[in-house]
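Here the chain labels run A, B, C, D and E in written order, and each chain numbers its own residues starting at 1.
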Amino acid sequence: MPVEVKEPSRELSGLDELERTPATETRWGRFASRLWAGTWPKVLALALVIGAWQLVFLSGRWDPWVLPSPLATWQELAAYAATPGYWEAIVITMQRALTGFALSVAIGSVLGIAVARFKPLRAAIGSLITGLQTMPSIMWFPLAILLFKISESAILFVVVLGAVPSIANGIISGIDYVPPGWKRVGAVLGMRGFQLYRHVILPATLPSFVSGLKQGWAFAWRSLMAGELLVIVAGQGSIGALMQGAREFNDAPRVITWIVTVLVVGILVDAVFRFADNRIRSSWGLNQDQ
Amino acid sequence: MSLTRGAPRADAARAGAVVLTDVVKRYGRGPGAVTALDGVSLDVAPGSFTCLLGASGCGKSTLLSLVAGLDGLTSGSIDDVERPVAMMFQESALFPWLTVAGNVELALRVKGVGRAERRRRAAELLDTVRLSGFADKRPHELSGGMRQRVALARALAQDASVLLMDEPFGALDAMTRDLLHDELERIWRERGLTVLFVTHNVREAVRLGDRVVLLSSRPGRVLHEYDVDLERPRRIDSTPVANLAAEITDALREEVSRHAG
Amino acid sequence: GEDAGGSEAAAEADASTASGTIRLGYFGNITHAPALVGLQAGVFKDTLPAEVTIEETAFNAGPSAIEALFADAVDITYIGPNPAVNGWAQSGGQALHIIAGSTSGGAGLVVHESITTAEDLRGKALATPQLGNTQDVAARYWLKEQGFATDENGGGDVSVTPIDNSEVAAAFDDGTVQAAWAVEPRYSDLVLKHGAVEFVNERELWEGGEFVTTHVIVSKKFLDAQPALVKAFLEGHLAALDFIAEKPEEAQTASNDRIEALTDKRLDDAVIAAAWENLSFTADPIASSLQGSKDHAVEVGLLEDVDLKGIYALDALNQVLADRGDAEVSAGDLG
Amino acid sequence: MPVEVKEPSRELSGLDELERTPATETRWGRFASRLWAGTWPKVLALALVIGAWQLVFLSGRWDPWVLPSPLATWQELAAYAATPGYWEAIVITMQRALTGFALSVAIGSVLGIAVARFKPLRAAIGSLITGLQTMPSIMWFPLAILLFKISESAILFVVVLGAVPSIANGIISGIDYVPPGWKRVGAVLGMRGFQLYRHVILPATLPSFVSGLKQGWAFAWRSLMAGELLVIVAGQGSIGALMQGAREFNDAPRVITWIVTVLVVGILVDAVFRFADNRIRSSWGLNQDQ
Amino acid sequence: MSLTRGAPRADAARAGAVVLTDVVKRYGRGPGAVTALDGVSLDVAPGSFTCLLGASGCGKSTLLSLVAGLDGLTSGSIDDVERPVAMMFQESALFPWLTVAGNVELALRVKGVGRAERRRRAAELLDTVRLSGFADKRPHELSGGMRQRVALARALAQDASVLLMDEPFGALDAMTRDLLHDELERIWRERGLTVLFVTHNVREAVRLGDRVVLLSSRPGRVLHEYDVDLERPRRIDSTPVANLAAEITDALREEVSRHAG
């Protein structure tokens, strides 16, 4: 009687066919195959986008100064990326983004916990948080200038106002969805107030917190792009200012260069969040079924 | 009452509703890997009632989920299973967004049963598990034992030919358990089900099973098989059941103490 | 003027003894060339006393500059006529004064080549940078004079459509609009790069061919508190204007350098040269055009009437001009 | 021996003292006390904000044209709200917001499910979603004009690009955190593909989906405020355009009027999400411990 | 062996580690309200071992959570409880973000026990529940019975004077259960704990308890109390235990059938 080694979970495999990567047994082999599995779709997607772009370009539907060719854009990007100004702008903007984001995380966490914790506070400002979130950054400019004049602090202020609501909302909704059973365990273990938060509620909230951080980052970055128009210093271009400049000049390749740059930064940052998320999920036993 | 100490079965002439051949299941990779099952061969005849016994952590739940096709085998094969099978999990795993009746009806809904029929069948099944008054409650409003009974009703609603049950009556008092034994036996007979039943209660195993399979711990292997030829209906507190249970308990005790030693 | 006490004080102040910091605002735009040249070519630095430092802030749009002025975050800024009037109106004439002119000209109507007569505009869409801004008012007033009806909502004989400066070229290219009332360098850009045809140069519409595009404003508080610094700045401003007049090539390069420093991007030399042709740089604030533009805005229904009397505080400028032996400028009725 | 009726959960009550509302027994009494509990904090918060504002105003730190008095602002607001233009702008903007949001929900859900479902798709564009989210709306203007000219569709395009990533990310992170036990139950019940999503994964994802919707709304609204500057179509004023107009004119009371309007809209919309959220939580048995 | 059929106790002279007086607990309001406990009075002496028996859904878990102070009483009072109590829940409720050892250590951490001491005690307790090799695993890598044992270790780590246990050994095989009975008895003696122990296994109740309390269903009331005067150490399969268990089972059966009828 033949002993067959079967593929795992045959019944489910119909669904998961697309997700299958070839089984390899060595450790290095597994690493390589995982790398490959993570890479080829990106390469393919990129190729498709560029291919489509090239086709549209060739169709002549739009003039080249409206929609430049991929090659022209690439040349512009490569040439521009060779200038120090490009990198300085990225550094300046990243510094602001990280400072603002760190500040937002601190404020947002405290605010989120406070609102989730105290019913009257939630009744008072819970809904306001979402309201604040919908306020366009530019509406904060007058207030930012009033409070901080034309300074880095004014930019940070706009960034923080943009990102805090998301982070707070992430924590609030996480806390709201902590299974009561866990809170009961915490109470029985004798945890009170801070301890309960430290050992039960915050860890349980982590997934929602991370997704709040992700949204918060997006808001922070967008607010920053607007906020950087508040303080424009000659010779110290920031992404927001230079991007706006490219737009003013109707310089399509330069605009696309900045779009690509922002996307790449966004993708890199997302990778960080993704990593955190995967860590949480695998330690919680949530991705065992892949 | 006759008793067959199960020597490893001949490979020939295997046919059944569930046929496991040299099933190996390892969790994880590298040095942290755990071998939950190591070469389990088991042949479950259609329409039979098989009880699995074994120490905590010996791989019983693992075996059921392999049969259900929920996890992948490391090696070996599982054949002849008509899927989907019905399964009752060790944790009741009810869906919090559905009412009790809704949870039961879901099994029917997936099969395309109409609304009125669904409602009728769910009510019937909830009655079977003595929860008629609780159709509109939410799972979080039930006690642990009640939840387990809802999960039983859901599994029965599936109406599959193979029924896998993982400690289904663990959280029930003796009386409710007796009642449900009777019900389960009745349904098994009427529908001609093939049942694989995990329990820690040896008497329960003898009360219900045609056969009792003893698994060893780490790695899980089939240690013994007992055929239970007692006449049905059996009573859990009858002497024949108690006697056979005592014998199996001794074997189990020996195995556990060997392992612990 | 009665309200310009600070200006009189500034006129009497001795600029050469000034010391302190001037927080200066400007835009990275060719119409702000005196600021660009002053900063980039070192004219301000060379002209102003060593004790005076300039803290520069680049703005992106007029309202931000006014917000900053209101919030006491800048002292002096180059700015267009519209935001200045708004700031004057909102503060009831208490927040700012215009202390000098900077730039004139450089706006007008460009059209698609298929449009050859004014009548061809009927039923077409005309882009202006923004509802109620200088160009918008000019366009509507001109259309009215041509006998076209317009309304704020883009209805009427000619659909006046506000489109952001940075999108107007795209809108022109894809035919969303067939005409645009634009300001430099957009004006030249549309003509040189997007096949637009000059139809009306706004100079034709103003007496003497001059109308204010950019001027210099100061916060009233600063004018009152630091008259010497204001006067010193005006000397620098005039020096920058001189530099532009004397060395246009260098001035163009310096302007472009500064724009590049701000945006990492140079204007096309042809565009900058064409724009330069179309602009004139002068310390005369051309008060009559400010008044006229405001009257037009009131007339086309975009503005409630405001009294601009006292918006100009030109004493200091005239003092400096007099010291140099140049002709004084006049605020007309608005001094 | 005295029978005492004790307050519930004495041990926990230390923590929850602040959240206690007086126990009332009649149905109407309970409703009234809940209404009161939800209202007084808001009133108090409002009073505090206005009080602080009035104090700052009285301090004379800023000129009245920079920071108007509460009273002046209220008069402006009341006068403005009496004009039909104000309400028309709100109607126009709400219509656009709702259309754009509905479209975003449809696209975002499909995208989210697809990305969560297919590993290669996730590898290809998973991170791009966050990248897109960080792109300021104005960077989409050129593309919007290319594709849709200056039209309502261009606005919708910008709105959809703003909101879709949040909604998709909400679904993705929800799906990622569905307890494997539930999926196993679904598989055992014979669910495949669509059914599994319909009956297990999507319901389980609901909390995360709702919080994604909330974030998506904020993004949609912000993008709309920017997008409304793109097209001032056959021009009834929209909130975005009028708000920007108020800013152009440095009209502080008008600016504050619009800020208040946007906040109120945001708060009302949040109430809708909050209602959905509470429904989910109470049916899941997550707020029994209050 | 003496047996006291518990008549309702006199209200006078009550003193104990846990004293319940006329405890009523209702869930919900209006017509959908469920009365889980209706006038339960119970007097648990310090250092005693009390087992609670009752049909599924009769209010045993509810009673424990009231004693633990996790839920509010509808009326009545619970006195003399030295809080926090240690409690083992019916579902193991381990924290997924902590390892097995981390879950056990958490109970110590809250009390401010230092790291090294924590580690030592956790290892000791895991050894007690026969899980020494599993300290670094995550809860999801354990079987159902193993998780229950971790929860037991966590409850023991709390080192409180009152220990509430809700079907702690439901998912364990007979052997492991016997071992843990011995361990629990030892710890109870050594520490002088007051234990309230919910189980469905009548023999287990008699094996462990000083007293066995029978609750009725819907609404939950104290039906009988049995004092178990058997000498310790007892064996679960000894005849005295079996006899008393049989008697209690009969009473329970009567109650359940009365209710079902």
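Before moving on, here are some points about what is shown:
Criterion: a residue touches a chain if its C-beta (ideal position, glycine included) is under 8 Å from a C-beta of that chain, and two chains touch if they have at least 3 such contacts.
Just so we're clear, the structure is a prediction, and the values are computed from it rather than from any experiment.
Counting hops only between chains that touch, chain C reaches chain E in a minimum of 2.
The minimum number of touch steps linking chain B to chain C comes to 2.
Of all the chains, the one whose CA centre sits at the greatest distance from that of chain B is C. Chain pair with the highest count of contacting C-beta pairs: A-D.
Distance from the chain B centre to the chain E centre is 27 Å, each centre being the mean of its Cα atoms. Centroid to centroid, with C-alpha atoms defining each point, chain A and chain D lie 19 Å apart. Rounded to a whole number, the gap between the C-alpha centres of chain C and chain D is 41 angstrom.
Here the CA centre of chain B is 48 Å from the CA centre of chain D. Annotation for chain C: residues 67, 71, 166, 170, 174 touch two or more other chains.
Multi-chain contact residues, meaning those touching two or more other chains, occur in chain A at positions 11-12, 66, 142, 146, 184, 187, 244, 247, 285, 288. Annotation for chain E: residues 69-70, 83-84, 91, 141 touch two or more other chains.
Contact residues of chain E toward chain A in the complex are 65, 68-70, 83-87, 89, 91, 93, 95-98, 106-107, 109-111, 138-141, 154, 158. On the chain B side of its complex with chain E, the touching residues are 27-28, 34, 53-57, 60-62, 90-91, 130, 141-146, 149, 166-167, 170-177, 179, 200-202, 249, 252-253, 256-257, 260. Chain contact summary for the complex, chain A toward chain C: residues 63, 65-66, 80, 83, 85-86, 89, 141-142, 145-146, 149-150, 229-235, 237, 241-242, 244-251, 254. The touching residues of chain D, counted against chain B in their complex, run 181-182, 184-185, 187-191, 195, 199-200, 203-204, 206, 280, 283-285, 288. In the complex of the two chains, the chain D residues touching chain A come out as 11-12, 14-15, 18-19, 37-42, 44-45, 62, 66-67, 118-139, 141-142, 146, 165-166, 169-170, 173, 176-180, 183-184, 187, 192-193, 196, 207-208, 210-211, 214-215, 217-219, 221-222, 225-226, 240, 243-244, 247, 252, 255, 258-259, 262-267, 269-271, 273-274, 277, 281, 285-289.
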